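The following pair of complexes shares a single chain, chain A, combined with chain B in the former and chain C in the latter.
Take a look at the complex of A and B:
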């Protein structure tokens, strides 16, 4: 039972104009087979116009424990949002 | 159902006060409806219960291809054959979505395959019944996939992100399965006496096993409480079974089929049907491996796995060779 095919993460572009989105993963011996398998597993009903596959072991991810310090810098900057500024109604749409 | 009698911790559900700070934070997240993702901290019991449930669910999808695959070469028309092929291919896809979800919990695909082939992991009891006539393909789509939908719709809200997302994909595809099954039954019921009899016979054989899919009665299900607290499970077995009966009886009546249960009666007060006692002895025997087709199903899976070994190894060897050549060329 050794010699397991590596795991690939699959990203599909649903329509022209949209970005690729993660849809799941699958096992395949190489990239070419991963794309073929992804077609059969994840696009049986016209779900895509383009497929990306990436070896799962090649993905670097932030860890959940770092969530606080990692995202804190943006949490405290309320002035980045348009609603921070009071603009008089008379000015009209801005 | 596709996951029956999934063992949880076997212990009573802890109150927030009895929990460690980590467990409490975890439970509060679940209570607040926040999804748990693969790398988040989780209690070992949660991880193990989910691995058992998701892998059992995945195995059911895969083994479930066998009874239907039996009729692909004998489908009555080319259109029916194409439909059945598409449905069986969907089941394979569903199995793969679920295996992937389970793998995010730290179990490998090969480990899960090994657990199925050794008999350690279970799959739904329903797939251990034979498909004797074409009407059985109708009955499976209508009843078995109907019962599956009943169970899978609430699982879309499961607390574990990857499982929930797999269920959302599956539910989108499952409705076709049920409708094509009912369409087969409808067509047979519009046919001659022999065809109508064939449809009725299929219902007679699949009705009770379909009700068993929801698992033992809540009173006998020791693992439900913890799974419900963790939102791995949203409804009790009996609730879902009742919903299934209430939904299915009018569908049977509409096409002139008779539910094979002399105790079936509308209960105005509860707004649902009362129905007869399920033969739990049969259910437990099938789960233990003594159903009509348990042996045949496992032999087919083992044969497929063993016969495919040279192919899996060959493709892997080819991929390694090509990768090595590419490195050498660079």
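Take a look at the complex of A and C:
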């Protein structure tokens, strides 16, 4: 039966004001039930304060074959990383 | 004797949770979809947590017995759960309808108990209601989806409703203990639970295109310890280890 239900990707925002993070996927007949199922499957241990669900088929993804042209040009360009100065503690999460 | 009535209240609340949780636990690994399996197990665990609180309170009033003592060492006649929760799981429709009829009573009952004159009762009710509000939201949603679903799901839900509806009356009909509790301000008047139950169930069934049986005889007795044969089998599975190896721990 669950084979007939579409797959949903689940994103949960944790307690500390961080952005939503992908936690996994599940099957459900529609968005409302996907959120209920996500609550039961992924937030039993007080993991989150907000849930997003997205139909897996609605996610456009880069393909692994394009890895070279997409990502390699940024290799060995350390100056693109903001690591050459100290971030004050008060800034919090960056 | 208010303390005896208070203890009876704690036993009734706790035994309902315990027996329903034990029933739901039997679905673990067998539910029709993984997500449903987890959701049912979660509901069962919520109810076990509530059982610990209610039976803990009942045991305290009984002179220092633990929740485990009460769960594992009483015979069927001493259990105070309603007949509804001990009924067999049947198909998934029966399990859901039983849950829905129970949740629709449980939520307004706990809401009322939050105002109990006994602060221990009020505290347990306040802790439990958040879980039970979600149980009710979920079972209501599924009753509507499956009642107003396919021809087969509708037929199964209607047959489950025909079977279990007569058991709901017990939860809503006060006996002498309920009346004494209401008078002492320890519990609410079951009439108010009944009207909340009726309006929620009627609205849900209408949306689910299901029909409640008319003039169904009320099946009752559990609150007084007069159970159907089903409870014996539930307790045999629940209690056998503590009975065979008293005090065993691991």
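One rule holds in what follows: the second predicted complex is superposed on the first by the 74 of 94 C-alpha atoms of A that agree within 3 Å, B and C clash if a C-alpha of one lies under 4 Å from a C-alpha of the other, contacts with A are read in each partner's own complex, and residues count from 1 in each chain.
Going forward, a residue touches a chain if its C-beta (ideal position, glycine included) is under 8 Å from a C-beta of that chain, and two chains touch if they have at least 3 such contacts.
This one's a predicted model, so the numbers in the text were calculated from it and none came from an experiment.
By the document's definition of touching, both partners, chain B and chain C, reach A:44.
After superposition on the shared chain, chain A has more residues touched by B, the comparison being chain B against chain C. In the overlay built on the shared chain, the residue A:36 is in contact with chain C alone; chain B does not reach it.
By the document's definition of touching, neither partner reaches A:83: not chain B, not chain C. By the document's definition of touching, neither partner reaches A:74: not chain B, not chain C. Of the two partner chains placed around the shared chain by superposition, chain B is the only one that A:24 touches, whereas chain C remains out of contact.
Within the superposed three-chain model, A:5 lies in touch with chain B and with chain C [touch as defined at top]. Common to the chain B and chain C interfaces on chain A are residues 1-2, 5, 26-27, 29, 33, 40-41, 44.
Of all residues in chain C, only 32-35, 38-39, 42, 134, 137-138, 141, 145 touch chain A in the complex they form.
Chain contact summary for the complex, chain B toward chain A: residues 37, 39-41, 86, 89-90, 93, 96-97, 100, 103, 108-110, 113-114, 165-166, 169, 173, 312-313, 315-316, 318-319, 322-323. Remark: chain A residues 1-5, 7, 24-27, 29-30, 33, 40-42, 44-45, 61, 63-64 touch chain B in the complex. Within the complex formed with chain C, the residues of chain A that make contact are 1-2, 5, 26-29, 32-33, 36-37, 39-41, 44.
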